[in-house]
Each structure stands twice: as C-alpha cells, then as structure tokens.
Amino acid sequence: MKRIYVKEEWCLGCHLCEYECAFANSGIADMVKALKGKTIHPNVHVEDCGDIHFAVNCRHCKDPICVHSCISGALTKGEDGVVRIDRDKCVGCLTCVLVCPYGAVLPAPDGHAAMKCALCTDNGRGEPNCVKYCPNGAIVFEEREAAE
Amino acid sequence: MKKYDYILIGNSTASVAAIEGIRSVDPRGSILVVGDEERFVYGRPLISYYLLGATDERRMDYRPRSFYEDNGAELRLGVRAERIDPAAKTVTFADGSAAKYGRLLVATGSRPFDPPMEGIESVPHRFHFMKMADALALEKYLSPAARVLIVGAGLIGLKCFEGIADRVGSVAVVDLAGRVLPSILDETGAAMVQRKLEEHGATFYLSDSVARFDKDTATLRSGKRIEFDILVTAVGVQPNTELVKDVGGEVARGIVTDACGRTSIPDVYAAGDCAESFDIASGTRRILALLPNAYFQGHCAGVNMAGGSERFDNAAPFNAIGFFGMHVLTAGVYEGEAYVEKGEKTYKALFCKDDLLKGFILIDLPERAGVYTAMLRERIPLSQVDAESLKRSPGWNAFPAEMRKARFTKEV
Amino acid sequence: MLQREGEIRNPSGCAVTGVIDRSGKKMTGESMIEAIAVMHDRSNGLGGGFAGYGIYPHYKDFYAFHLFYETQKAQEETEAFIRRHFEIVYSSEIQTRKLPTVKNEPVIFRYFLAPLPRKLANSHLDEREYVARCVIRINAETTGAYVFSSGKNMGIFKGVGYPEDIGRFYRLEEYEGYAWTCHGRYPTNTPGWWGGAHPFGLLDLSVVHNGEISSYDANRRYMEMFGYRCTLQTDTEVITYIVDYLHRRKGLTLQEVSRVIAASFWSTIARKEEPARSQETLLRRMFPSLLVTGPFSIIVGFEGGLLALGDRLKLRSMVCAEKGDKAYISSEESAIRKIEPSLDKIYAPAGGEPVIYELYGRRS
Amino acid sequence: MDLYIRPDYEVVRNTDRCIACRVCERQCANEVHTFDPETGKMRADESKCVNCHRCVSLCPTHALKIVKTDNTYRENANWSAQTINEVYRQANTGGVLLSSMGNPKPFPVFWDKMLLNASQVTNPPIDPLREPMETQLWLGKRTAKIERDEKGLLKDTLAPQLKLSVPILFSAMSYGSISYNAHESLARAAEELGTYYNTGEGGLHRDFYRYGKNTIVQVASGRFGVHKEYLETAAAIEIKMGQGAKPGIGGHLPGAKISADVSETRMIPQGVDAISPAPHHDIYSIEDLKQLVDSLKEATEHKKPIIVKIAAVHNAAAIASGIARSGADIIAIDGFRGGTGAAPTRIRDNVGIPIEMALAQIDARLRDEGIRDEVSILVGGSIRSSADVVKAIALGADACYIGTAALLALGCHLCRSCHTGKCNWGIATQRPDLVKRLNPDLAYKRLVNLVSAWKHEIEEIMGGMGINSLEALRGNRLMLRGIGLTDTELRLLGIRYAGESL
C-alpha cells in the first residue's frame, strides 16, 4: 500500500507539516481560523537533531502492535491497510501510545482518546496534507518494498 | 460427535487473537469457540470505563458483531468445558456434549482469588471486579450515599475506584502493601498516584489488612474500623489451569507453553491469563495478565495451530493505566541504574542495566513512550543510540542514521 | 508605391509542369503551352515562362545568354561588359510574336558566348564559375539589364502574362527540345516583372517553383556567404543558387542535394537503414542552413534531365507520370492528361522524395 | 542598525493571519524573524531582510509580504535613494560595492522591441501537434570537405559537434558559487533534456562525472579544477575569456563559500578566497588564444568542440571574427544583462553591450567574412523566455545559454544577494542546512519542465511561421520586425520595421 515516508536528507525542520496536519484534521476550512491562537496537536511531528530533521507519521505497520494491544477494539487496520482509531470506542487508556515504536500514536488533546494519522482518508483531503505541502519533497506518499 | 479443526476454549482476547492468527494461515478450517460468559466478546479492562461512563455495553464490543461469522467460527456462549481427552482429542462440555478437535486452544483466563478472610460470608454486598457481570452487579448497588470498601490497591482495585468514585459516597481502600500499585510503581510514582486518587475521594489504609468482617464493618489489623455498604475484593487472581493440569499437562503458576504457544500435551495450546510467558525484562517465566500479552500469545498460538510459524519471545510487562486524566505508563522491571526526572506533576524514571533499558515509569509524559517500549522489547543496546538524548526525550533522533534508515525507509 | 522584384522579397503561388523524352527525342514547346493552359487558374497573368533543353544544337558548345534590357544605356553597358569577358559568337534580338495580352515587353536579346580564354585563365576560376560570376555581376550591378538564361544548349523564355500567352509570344512551337519545363505565376504582392518571372536559371540549371518558403532569409543569408547575390528576393532564385552551390560547387549528387533541401525529419532518419541513416545525418549536420521549409514543389531542369522535389510535408501538389520514353511532372494531373490522355503510370511522390528523370545512359 | 541607511524593505505581517507557526523564523538565514514568547507574536528586523521571499513563500497562511519602504529622502530626480544609500555604504566601508545576478538598470531590452512573423494564406502555419517539429540541432563547425569513400559514400569529415535536442543550454555557474544540489539539478536536467550544463570555473565534482556527456567544462583564468580527467570527461570545453556581468573583471569566490568539497573540486585551499584573474595570464592576444584552443584540442585528441566565451563588448564582432579563425568551434557571447554570483556593482551596471546588438553584429560580420560555418554562436545574458530564444535564433544564434531563468526555476527569487552566501533557497550557498533546501529530485524536474515548456512554445511559434525545423529559423531575420527602434538600431539588428512588408 502507499504509505508516507520521510526523506530525512531533505527534511528542513520547518515544521510546516505539523501545521498542515493540524489544519487538515481540524475540520475547519480556513487555516487561520483553525489554528490561530491555538496549540496544535498534529498527527505528524518533526524530530530535530542538530541539522538533521525528520517528520514522523504513523507507519501503518503490516502487523500493527497498536491494533493488537488495543483493549477496546478501537484501533483497526482496514482492508485498505490504513490503521484507524475509532474515537467512539477509544477510552483513552493510551496502551497504543505506550507500544507504538515510532511514537506515532499520540494522546488526543482532550485526554479522552488517542489519535493518529489516517493518511488523510478521514478528513476529506484525499491525499496526505503533510505530503502535499512539504516544501522540499521530504515527505512522500508511495509504495515501497518491505523491510527485512 | 462433531469434529472441528480448531476448538478454542474461552472467548476473550486470546481467543479472538487466535482466530485472527488461524485465519491468517488457514482461511477455511472449522473453528469452534466456547465461552462461559453469556456475552459477546468485550475488552475486560473496559469494565471500569463502563462504570465511569466512558463507554457503554454497545461500544465495549471487542470486535464487530459479525466477527465470528466473517471468520467462519462457530460461537457457543454460556458453555463451560469440563475436561479434555488428549488421546481421543475430545472436549466434554458442562452440558454433557462433546466435540472432537484437531488442535485445541486453552484460553480459560483467570478467576478472582480471595484469601481466607474472617467473617467475609457475613458481608451482604460483596463483589469482585473482573468481568462485566461483576460490574453490572456492582452497579446495581451504587448510590450517592454508598460507602465502599475496596480490598486491594492493585490495578483492579484502583480502576474499580476510578469507575465508581463519582457514583458513591465514600471509598476506602485497604492494602497490605505500603503503597498503591506496588507491582508496577516505585514509591515516588505510587505517591503521585495515591495523591491523585485521594484528591478524588479515596481513603487509603496501607500496610494494613482486614482482620475481620462483620456484616457492614471491617476491622483492620491496625485496629481501625471501616464501616461500608459495599465490599469489593481485588486481592488476587488465580489462573484457570485445570483443564490441562487434570490430564497431566505441565503447569507451574500458569500453564507452561513454548514460544509457539504449545503446551506439553500434543495439539493443545494455551494463551492468555491462564498461561505463562517468558518475561524478557525479569528473565523469568511468569503470568503476564495483560490484555496485549493475551493477544500476542493468542495470535501466536493461532498461527502455529494452523500450521504457520510464529514465535512470541519478547513478552514483557507493560501497562498503560489512567486515573482521572493522569496517565501512568510503565514497563519492565525497575532494576539497575535509574534516570529520574521529577516534575511537579510529571515523573519519569528509566532503569538501565547491562546496556539495556530494563524498565520505566512515566507519569503524565505519554508522548512517544513507545520508543522506550521498543528499546525494551527489542533489546536495543543503549550504546548503539544517543542514550543521553533518548533519556531526556524519547525519539528516533537519538538513533543512528542507519537504524533510522532501516526502519523508516521501507514498509514495516 | 509598389516595388518590384529585387526591391522587396516576393513569394508567390503557381503552377509548374515539365516533360522529358528520355530517349532524347525532341518535341516542340507546343505541348507545354497546352499543358500549362489547363492550369490557367493557378496563375494570375503576372508571370509565365518556359525552359527548353537541347534547343540550341548548333550552338551547343556556347553559353546562351538571354537578356532583358529596359534601357539603351543598360544594353550598351552590358554588352561592353560581355565583350570584356566573352567572345560573342552570335547575337540577336529574340524573335517574338506581338500579342495584345503581353504588354510592356523589354528589349530581349540572345547571345552565344565563349569565355575569353586569357581572361578565364587569369581569373583562376573554373569556366562555369567564371560564367556564373559574370551573370551574377550583371544582374546585381547593372541597372536595367537582366540575364535570365545562361546555360549551354538550353534556354529560358519568360515574361509578364499568362504562361500560354508567353509561350506564344516567344513562338516556342518553333523550338525543339528533349525536355521542357514551364511555369504559371501567381505573385502575391508585386505587379510582376519580366525578370522576376520563372523559370529562374543559372548556367544550365533552371528552376520552376510553386510555393512560398518560410526558410527564405536563413537560406539567402547563408548562400550570400558564397558569392551569390539574391537580387530578386524570390524563392526560386535562392533555390536555384542552393542547387547550383551544392551540386556544381560542392559536388553533391542531385539525390544528396534533395536530402539537404528537403531533409527527412530526424525521426525518419533514425528509422532508416545504413548507410542512408548516417549519410543523411551527415548532410543535415553539414548544411543545416540549406534546409528549405514551407510549401514548395519545384522542377529543376539540368543538362540531361529533370528533378522534381516537394517539401517534406508535401504542402504543395505534385504528380509524376510516365508514358513510354516520356515522363511528366505537374502541379495537376489535368495538365498531363491534356497532352497525354493515356499514361503508363501516374503517381504522387511523397513529400521530400526526389524524382529524377534523365536521358537514358546519363547518371547525375 | 546602520545610522545612515534605512532598510529598503518592510516586512509586513498580517497579524490577523499569522498563526505564529514560526516557519518564517526557521527558514530565514538572515534571522529577520523572531518569536516573542512574552506576547506569543512574531517580530521582524527588516534591516536584515534581503527580500528573498523565502518566508513569504512558505508562510502557510499568507500572512507575510515584503514591500518597498515608503520611507523616502527628499525627492530628487538626480540623486535616487539607491544612489544616496550607495554613497553612504561606501562612506561606511571604503569598499567596492558588490552585487549579484544581472544588471537591474532600466536599459532597453531589444528582445521586447522585436516582433515575430506568422503565416497567413499564402503559406500554411504548421500544427506542432500534428506534424513533426524539429528543435534538434548540432553545435560546432560545419565546414567540411566533401570526400567520398570507394563506394561513393560521403565521409564524415566534420569536426566534433554537440548534439542538442533543444536550443537551450544551462550557462556556466560554478560549484562554489552555487550549491552541490543546484549542480546536481542542472546536470540531471541536462541529461533528461538532451542538452548541456556548464561547470563554470569551479571544476567538476567527482559525483557528477557520470553526467559527463551532458557537461561542458570551463577553463577560466584561475584554471580552478582543470586537469586531464576533467577535460576528458566533458562533452565540450569552454574557454572563458569574459562574462557579461563583469567584462574585464576576474572572479572572486569568498573563502566562506570554499567548503571542503569545493576546495577539493577546485584544487585550492579550503576557506581561502579564490581569485580568478581578469585576463588569462597566458592569453594576451588572439594568437595566444589560438594556442590554448590548440592545446586543449591536443589534450583531448581533437574529440571535443572548444567553446570560447566572451562578454559582449563594443568590439565584439571583430573579436568574434578572430575567435572564428582561431580554431574554436563555438563562440559563446554573454550580454551585459547576464547574471553572476558576485560582481562589482559599477562594472555590472555600466560595462558591456546588449546581447541582441552583439549577436546581430557578430552574425552579420561572420557572414560578411564567409566564416559563419567556422563557428556556432551561443548567446546568453538574460534570455528570459522562449520568445527571446526564437528571436535570438532568428537573429543568427545557434542556441541560447540560460542562467538566471534556470535559477528562477530552481526557486531563486532574484534578491541579488548571492555574494552573501546565505541563499535561503539553497542555491547560491554552501551552508549545509541551506543547501538541503534544494531537493534535486524536485528541482531538476522544474528545470525539465521549464525547458520543455519553452520547447513547446518554440514549436508553436515556429509552426506559426510555417517553419518546422530550427535550422530554417537560424538567421532568418525576415521573421523579425522592429518596433520602437531607431534607424540605427534597425540597421544594427539587420531587421525591418514593423509594417514593412516582405
């Protein structure tokens, strides 16, 4: 399946993806209205290390430990391969946060659930917004072969 | 007598995982699932959230209602397995019926264990807190005036407290241990949790225990007396190992299995709270009565039952538990050199030994905790990463570029 | 005020036709007149002309110059120039027939010339180059004089009027040649000038052309590096010079010349077999500025044959036909049918594909 | 903050739109933007702003714009604010003023005073979507003897030529003046487009030897990075005698731009200023040039065309004639609007002549002398569009060098601050954190897009003229008409005035 990958040699650490993610998932059509004066809670976050930067999103693992660990059945891996969280079922125990090796499942700001990237399949964007707006092509959405 | 390729005894996480494991290998083999609860499968830990109002009976379904049908599994609820006959490869149920199996999974879970307590039979409203039936029974007696006594300040007792705190008049918690959650928290962490619970009305009687019950009064060893209307005992659990033990299968504290989920009896597998795992953090074989662990065990057993190949050999204890918005994430064992960051409302303790992260406690620092879990479960040597950076903040920026490349540039 | 050829560039649309008897048997100009008359509507009365090959058998070793003179002075100056460079073997006014439709004719003279041997030797030039330079010089430098035919044993006859009238005017039914070409003109922005009519000739080359080339100035500016002066600013003139340059001076075959002028597209060349692929690539690399683009179909007359060539997109019509020893080329089939109703073969050559008809035994 | 010189620009932030994401702060190498934690708002120090638009482009809410300041001196038609500021600047520093990119002064642009022809009625336009339209060409000498082998086939007696699929090449920009990623982008684009890029005088990085067949290597007065393998790797060798942005001036690459990689590539010490002299010290005359041409041909076994690049100066036609007779295969002429990584401002803005005039005169001169086939003519120095390319070719050029347009495609915003080495777009810099802002995977495609777009436009324009091959356009000055030009300008350009018929 197509997944989001970051090319760390091209990630500038501008953090635009975080804002674009927060915007895409805000449900508000205007970015200013969506984000102004607010602390953002994006599903992607950029890790910095000196001049090295890289954005981390959910990897939509083939064998998703977050799904397996979920106590309520709120996390599922769809037939499209997308790992999604059903907020309605989630009780916010954060077991998924505890087990995700990438730190890509995050506590939702309201504290009552976890949240994660669903490749913008759930917000009407059609394509991942972080990929679309990365100014340097550092985040890509593509098929790749499996790791060993 | 009907024959099934697979019979799964027990209908909770391990069993569901086993179905998913079996179906990942064998799309067609016949499956029978029997469960003694008359309830569609649900996440057991959700019962406290149910009382809390964070979920409801509908939303508690662990899988969609069509799960068994979709997976071609026959589900029989309210049925208990009485015994197995490994030679004939049959299971006999409480109603006298029997079925033949090709491969059998014992996922019988555990049951509450109450040590002998004097006068307990005089208590009119006493409850356990392990199953939905327990929660529903308890719920009937909850009232704003009710006084509750919880014996046991472990995970079950305290989650029960969270569930009922706002629905009853007062709650007293008694535990023999000197701190709350003694199995998963150190003193600092326990004190923080205790304070949080006290803010929500809990009264703790620690390093103490009930000497005697007399209807609505408990007298503690310290001599203190607690009057109560409702008693919840959450002292311990006991694995349901009898099916295996009775026919000579190897059982220690729980049913003994190998890394593929096989018991010592041919074609009989075990998973979930009735079975032991090898805990890589402590280096010992023990029961890890945790939902994710049940899933991993069940899935592994299912795959192997269906002729596939999977090993579950990195079990470790890890807990995500929340109380009134406070998130406590823990894993492993607390041995070795400690790295501690104590904030006003946060707490981080990392325990390192033999170049490995052995365990951690994170209170209200949940972000990217999974990176620590990965260090622990995958036994990544600290010397391979920027340990200081990692301790300060969990992130892949502490990993060398080639490790990131291996993990981030391909499908995982 | 309207300007005439040479003062401004003058493209035009037209009709062309040609015939050759490959056995060398002679025909009068009559059939050409009949053929071109059929395509009357492709001309507008502003120019017509003919070239006949093998028409001066008695003077075949001498350069036959045909000149227009507009003034007495021009004739005097020109004849003085000619005398300085040539021995005049014979000269006379060309006999014409007065026609009401052909007006304002200049004085038209014919000379049979041999280069003065001493002058030629001193010039260190090849004889034909010597003659060509003299022609170019008269045309570029002498006002009111124009050499419109300069080959051996061939002649160009042209003027302002419909081509069939021009043919009668020059009494071409009285000339006999083994090959003829003719041209009816439809110039678009001048009244037509006698010198500007077709065919255009240099030495024994004659060109009739239908079209308007878009590469003109690229071709012209390139050719002018080599001593040619495009005084008429017509397509026919520059095409004639290109053929002269590549064929006579550079020694390319007419086939090769065609591959320069109407080069195959690179994509076509890439699909060709060797050696055509490398040969055509080489020609395009050597003479890129002589690629002619835009619509054209031309008939090049040369000693011993005719070459028909159209642009590589075939933007102008052109058909070829054969009947016995005779071969025909024409803008329209009707012109050929008029003079030879039953043909052995008739076809339309592809754009850029040269068709060469020659006297038997001759190889260009 | 300078006491005398006020900032040229103001950074205008629409606070209603700003969400304080701090992208502007992270992306400005000039440190214009800062976040004020107390107010939670962004601040700007416009005295540091070079107006490169990096922040404007990346601001996700379009909250930023950079405007020319309306702070004015007392109006003076003679002493413009810029002139006054330059005096202040020199009074401050005592130094030569430095600038980058091309001449920004309002000199006439003759490309914009020439109009193109199209076919109507008498001659059909050609539809490039239906008919082949050839933009392929060969650069080099076209003088060849006609010789035949025993089968009568023509022998290839041509000197080596360069094959191009479009009449556009990327002009010389050195590694050092521009970044590794910029070079990689140019090299990859040249390869995909079937054309060439030019190393400039900075040598050729080892990583780019693989693009050798699309590389023109330069031999300049500093001889930086010139060695046998460098010459052998290239498709052609360019001797740089001059540059349009700074005729008569050598080069100066500040030590700050000489990273380890640049140092190795140039074969010079790291961190020390690299000075290329004004003249080649082995070329003080045209016959010396011929010797260098011959030497380079000998060194590469006569397998590669030699280009001689000169700045367009007053005597360009005569110089070109000399070069055409020196054995060089191609002359590159760089007009006075051409770009640079750094030049003295007064030189850039006042020396040289427009490329249009130089080209027209050189082409005419070479034809007059009958030696146009001795050389191909490459022109550069502000070729801004496909229309400029078509006009240049109609005037007589074989092909065009584009530099500034290529940089624009890479993201350059023409802030003309290359000499500071802090290019926020990752182009004219060697700072690793800035260099990585130019991702060649994206950037090379932008170059390919640009040139492909121009190619399509050239095809359309040619088709309209009824021309289906570039060869028939070259020197076809009848396709041009002047507008708003004096008789002298028309004469020098060799074209007629608009409205004059064929």
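Note that the chains take the letters A, B, C and D in the order they are written out, and that residue 1 is the start of every chain.
The rule we apply is simple: a contact is a pair of C-beta atoms (placed from the backbone, for glycine too) under 8 Å apart; a residue touches a chain by one contact, two chains touch by 3 or more.
Nothing here was measured: the structure is a model prediction, and the numbers come from that model.
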(request) Averaging the CA atoms per chain, pick out the one whose centre lands closest to the mean of every protein CA shown. (result) D
(request) Go ahead and note the Å separation of the Cα centroids belonging to chain C and chain D. (result) 47
(message) From the mean C-alpha coordinate of chain A to that of chain C, what's the distance rounded to whole Å?
(response) 78
(request) Give, as an integer number of Å, the spacing between the C-alpha centres of chain D and chain B. (result) 70
(request) Calculate how many whole Å lie between the centre of chain A and the centre of chain B, each centre taken as the average of the chain's C-alpha atoms. (result) 28
(message) Run through the chains and report each pair that touches.
(response) A-B, A-D, C-D
(message) List the residues on chain D that touch chain A in their complex, please.
(response) 16-19, 21-23, 26-27, 40, 57-58, 60-61, 63, 432-433, 436-439, 441-442
(request) Spell out the part of chain C that touches chain D in their complex, as residue ranges. (result) 8-13, 188-189, 211-219, 221-222, 224-226, 250-252, 256, 263, 265-267, 275, 278-279, 282-289, 291-295, 312-313, 315
(request) Spell out the residues on chain D that touch chain C in their complex, using ranges where they run on. (result) 119, 122-124, 126, 131-132, 134, 136-138, 142, 144, 146, 153-154, 156, 158, 161, 367, 370, 372-373, 396, 465-469, 471-479, 501-502
(request) In the complex, go through chain A and note every residue touching chain B. (result) 3, 5-6, 8, 47-49, 52, 54, 56, 59, 61-62, 65, 68-73, 88-89, 91-95, 97-107, 111-112, 144-148
(message) Give the list of chain A residues in touch with chain D in this complex.
(response) 7, 9-10, 12-16, 18-20, 23, 31-32, 35-37, 51, 133, 135-138
